[in-house]
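Following are the structures in question.
In the two complexes that follow, chain A is the common piece, with chain B as its partner first and chain C second.
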Partner chain A sequence: MIDFNGVSCRYKREYAGEGALPVTALDDVSFHIPRGSFIALVGRNGSGKSTAARCMNALQLPSGGTVLVDGADTSDDEMVLTIRQKAGMVFQNPDNQLVSSVVEDDVAFGPENLGLHPDEIRKRVDRAMKAAGIYDRRLDSPDELSGGQKQRVAIAGVLAMEPECIIFDEATAMLDPAGRSAVMEMIRRLRERGTTVVLITHFMEEAAEADEILILKEGKILSRGTPAEIFAVPDLISEAGLDLPAAVKIRNLLRQRGADIPDRVLDIKSLAEWIAGNCPENVPG
Partner chain B sequence: MIRNITLGQYYQYDSVIHRLDPRLKIFGTFLYLVMLFFVKDLVGYGIAALCLSGVILVSRVPFRFILRGMRPIMFILAFTFLLNLLLLPGTVLWQAGPVTVTHEGLKQAVFITVRLLLLVFGASVLTYTTKPMSLTDGFERILSPLSKLGVRTHEIAMMMSIALRFIPTLVGETDKIMKAQLARGADFESGNLLRRARNMIPVLVPLFVNAFRIAQDLAMAMEARCYSGGRGRTRLHPMRYGMRDLAALMMLILFAVLIFVQSRGMLPLPMIWKI
Partner chain C sequence: MSIELKNVTYRYNRNGAEDTPALKDVNLTVEPGQICGIVGHTGSGKTTLVQQLNGLLTPQEGTVTVDGEDFSSRDRRAELRRKVGLVFQYPEYQLFEETVAEDIAFGPRNMGLAEDEIRERSAEAARMTGLDLELLGDRSPFELSGGQKRKAAIAGVLAMRPAYLVLDEPAAGLDPEAHREMLDMLVRICSEWGCGIVLVSHNMDDVAAICHRVYVMEKGSIVMGGTPDQVFSRSGELREMGLGLPAAAELTVLLRKEGVLPDAPRIPLNAEEAAELIAARLRLKGQGEK
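Up next is the complex of A and B:
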């Protein structure tokens, strides 16, 4: 679905003045995201993950290498709209990405830009709002919604364009726990529908749900693997400047005390199940 | 602090007037405003007031909402009324010391006041019954012939609707910054006007910076959703004139003719206080 071939992004920092060295956001990065997969892109601030996201949507063009979305080069002007329709993007700040004062008009913004027939727009908008669970708020103003609901409006806006891939650029970073879990629930449903999901996040609990985790550090790929593989390597996560999920931390502490917990135990639920299954004498009924 | 200001004064209701095409409502309001200047006597104003009341009744917007439109222009109303009343020369009606009220002055004062009131009430019916977004859409479509002359009508309408969308966001932002500066010991309440204005600088500078950041974010989000200007864009709610709009147009024309004919004294009605 998305291919990065030796992608480099260099740009001059704003206000840096003359003679300042350009910043390298991405440095000769190559990777492939298969159709229908769920990839988490993680890394600390400045690791280049947001730059990578913008490259996937042709919002930013690489200074070296090529980015292909479904085979189309993002530097091809003719393909830009097709690419943006195929690879939708949800941004971090729920307030700053909604265009209209009415929920359904905002969801319609993408299809309207695609020049679809009003009846087709209506159908898609209704479908997207239902999928995102905001149908009953369709005539409200986004200002009356919570952060999580606004973010679901943004997701509906992307869904209405019927993309094959959705990129979440730290879309949960500004939400409260309820909003965050609502967005994650959305992602799980998208995955069931076969939509490719690229999740850029700081939260390792979220990344642990992905098929694969791609760790970026200083513009380069530090590691790539399934969550079980990534979290099994000691120090890899801390080298990337990140933090292990709480369940994995507990798992590792239990291992130090001799418990033989397998690598696939990554979240609280499977950890609890393991404990209940292996130490039944300590778990009441 | 300033969270609860209501902007725009749309009155939510599903009346015939609400459902009229915004283009027709804009045109109708414009025609009404122009016709008010044709009126030459009190009966003419009576006709206009009757027609307007009819529209207000049908629109179901409570009269007290319409009357509210008077509040901001109270001062101007009183001012023009008094000036006209006291300063126009003519036949003296009443005199007390240096204060004289003439017949002409009284007439002119009443005329100007009634006209101003009818203007404001008429315009407020438009804003009460039309969502700000429909208004900007309507303006875009009305002005769209100008785009052939190079006027960027779509962009102007888009800016207007985005400005409307972001008013509450920026109000919230201002509130946040003011609280942050208050927590640092800022003082917005004391001192003279100049001093107070100066004290607002620590609010305005971060507000502008934030506004630019929001604009940048929004531009990127719009681009990501395939926005590339007005060309080739369709709408979820395309504007179509219906029978309702045709009927409304006929009534508007009838209104205009009535006012015009009365101003010429061609109606079998008396002319009261003709100017």
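Up next is the complex of A and C:
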């Protein structure tokens, strides 16, 4: 779905008194994101995650290498609209993404720009609002909504474009726990429908749900693997300035005390299940 | 010495249709040298409460006092406000001076302090946040990374040497490493300066880890208050309010439900405690050894 081939993003940044200093946001990065997969992109602030995200829908062009979205080169001007339609993006701050004073107008903004027939627009907007769980607020003003609800509207706006891939750039960072779990629930549903999902996040519990985690450090890929593989290497996690999910911390302490808990146990629920299944009284026979 | 809220009731719209108070009969004490956590849903009144603490809003009923004084006297209001440093959500959006050093010095300069004193306070505040003022002081705030900007904004508040510090979700949006540094910094400010800190947060693990007292807000009232131990042990009630638990407590609740762990008055709040308890239950040989 998305291919980075030797992608570099270098630019000069002016510093008062020090002149222009070169900044390398991405340094010769190559990776492939298979269609229908769910990839988490993690790393410190400034590691290049957001730059990579912006390259995925032609908001930013690389200074070296190529980015292909479903085979189309993001540097090809004629393909930009097609690419943005295929790869939708949800940003951190819901307030910066909403443009209309009525929810359903906001959701319709994208499809209207695609020049679709009004009937088709209506159908898509209704479907998107229902999928995002915001249909019953369709006639309200976004101002009346909570942060989590606004983020649902932003997501509905992207869904109405019927993209094959959605990139969430720290889309849960400003939400409360309820808002965050609502967004994660939507991601699970998108994945069932076969939509490719790229999730940029600082929450390791969210990253643990992905098929694969890609760790960026100083503009380079530090590691890539399944969550079970990645969270099995604590040194890697601290090198990248990350953290282990809370369940993995408890799991590791139990391992130190002799419990033989497998790497795939990454969340509180599956840890509880493992413990319940391995309690002396609960062992069959 | 403390911030005291006594029977505070506050309505945004006194005579309008929505007459439900945003704060209802709130009682709260913030003591020096203690970190006090405030948790609750979005819309439960946390932000309204925070604005009472330094006189940005004044209650229609009840009193708010800082070290015995209220905000009613115009002459004293500015002084009292300086005593209570307020750090809003995403404070980095409020940086505005040309250089980082000037931004941090803005508060102390406004207080009319001598240049030496301003410099000393700025350096001290930057040191406390871990910001390298030698390297970054002459840069524009807009050239800093997100984490550095946040530190600069907080240093600007610390440079006024507040006796109390109120922070609304100070770790939101930070990467895990910067998040840990933020918590460490709050603990240091509290222990080294004896500051009384109010931490508004959705993150129950953070609250359990660093707070001495926790208050739970719902619909404008404080419905629970006590040590983290006391508050998080009432897991059922928190669940009913739709609030989360620290991960260790969450795991314990699941295991109690499964009948694996017995009900007990105390619930573990950190990974070590939970592991200890579960290891004993699993009869692991290594239990008790470290």
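Assume the second predicted complex is superposed on the first by the 273 of 285 C-alpha atoms of A that agree within 3 Å, B and C clash if a C-alpha of one lies under 4 Å from a C-alpha of the other, contacts with A are read in each partner's own complex, and residues count from 1 in each chain.
Keep in mind that, in the parts below, contacts are C-beta pairs under 8 Å (C-beta built on N, C-alpha and C of every residue); 3 or more make two chains touch, one makes a residue touch a chain.
Remember, it's a predicted structure, so these values are computed and weren't measured experimentally.
Legend: residue contacts after superposition of the two complexes on their common chain; A:G157 is shown touching chain B, with no touch to chain C. By the touch criterion defined above, A:A247 reaches chain C but does not reach chain B. Of the two partner chains, neither chain B nor chain C is touched by A:S30.
Shared-chain residue A:F109: touches chain B; no touch with chain C.
Touch criterion met: A:P118 reaches chain B, while chain C stays clear of it.
Residue contacts after overlaying the shared chain place A:S75 against neither chain B nor chain C. Of the residues of chain A, not a single one touches chain B in one of the two structures and chain C in the other.
Residues 54, 57, 59, 81, 84-85, 88-89, 91, 93, 95-102, 104-105, 108-118, 121-122, 125, 141-143, 154, 157-158, 161 of chain A are the ones that touch chain B when the two sit in their complex.
Contact residues on chain B toward chain A in their complex (touch as defined above): 131-133, 161-162, 164-165, 168-169, 213-214, 217-218, 220-228, 232-238.
Chain A makes touch with chain C in their complex at residues 13, 15-17, 43-46, 92, 146-148, 170, 173-174, 176-179, 202, 204, 241-243, 246-247, 249-250, 253-254, 256-259, 268-269, 271-272, 275-276, 278-280, 282. Interface of chain C with chain A (complex): residues 41-43, 98-99, 138-140, 143, 145-147, 172-180, 202, 205, 242-244, 247-248, 250-251, 254-255, 258, 260, 271-272, 274-275, 278-279, 281-287, 289.
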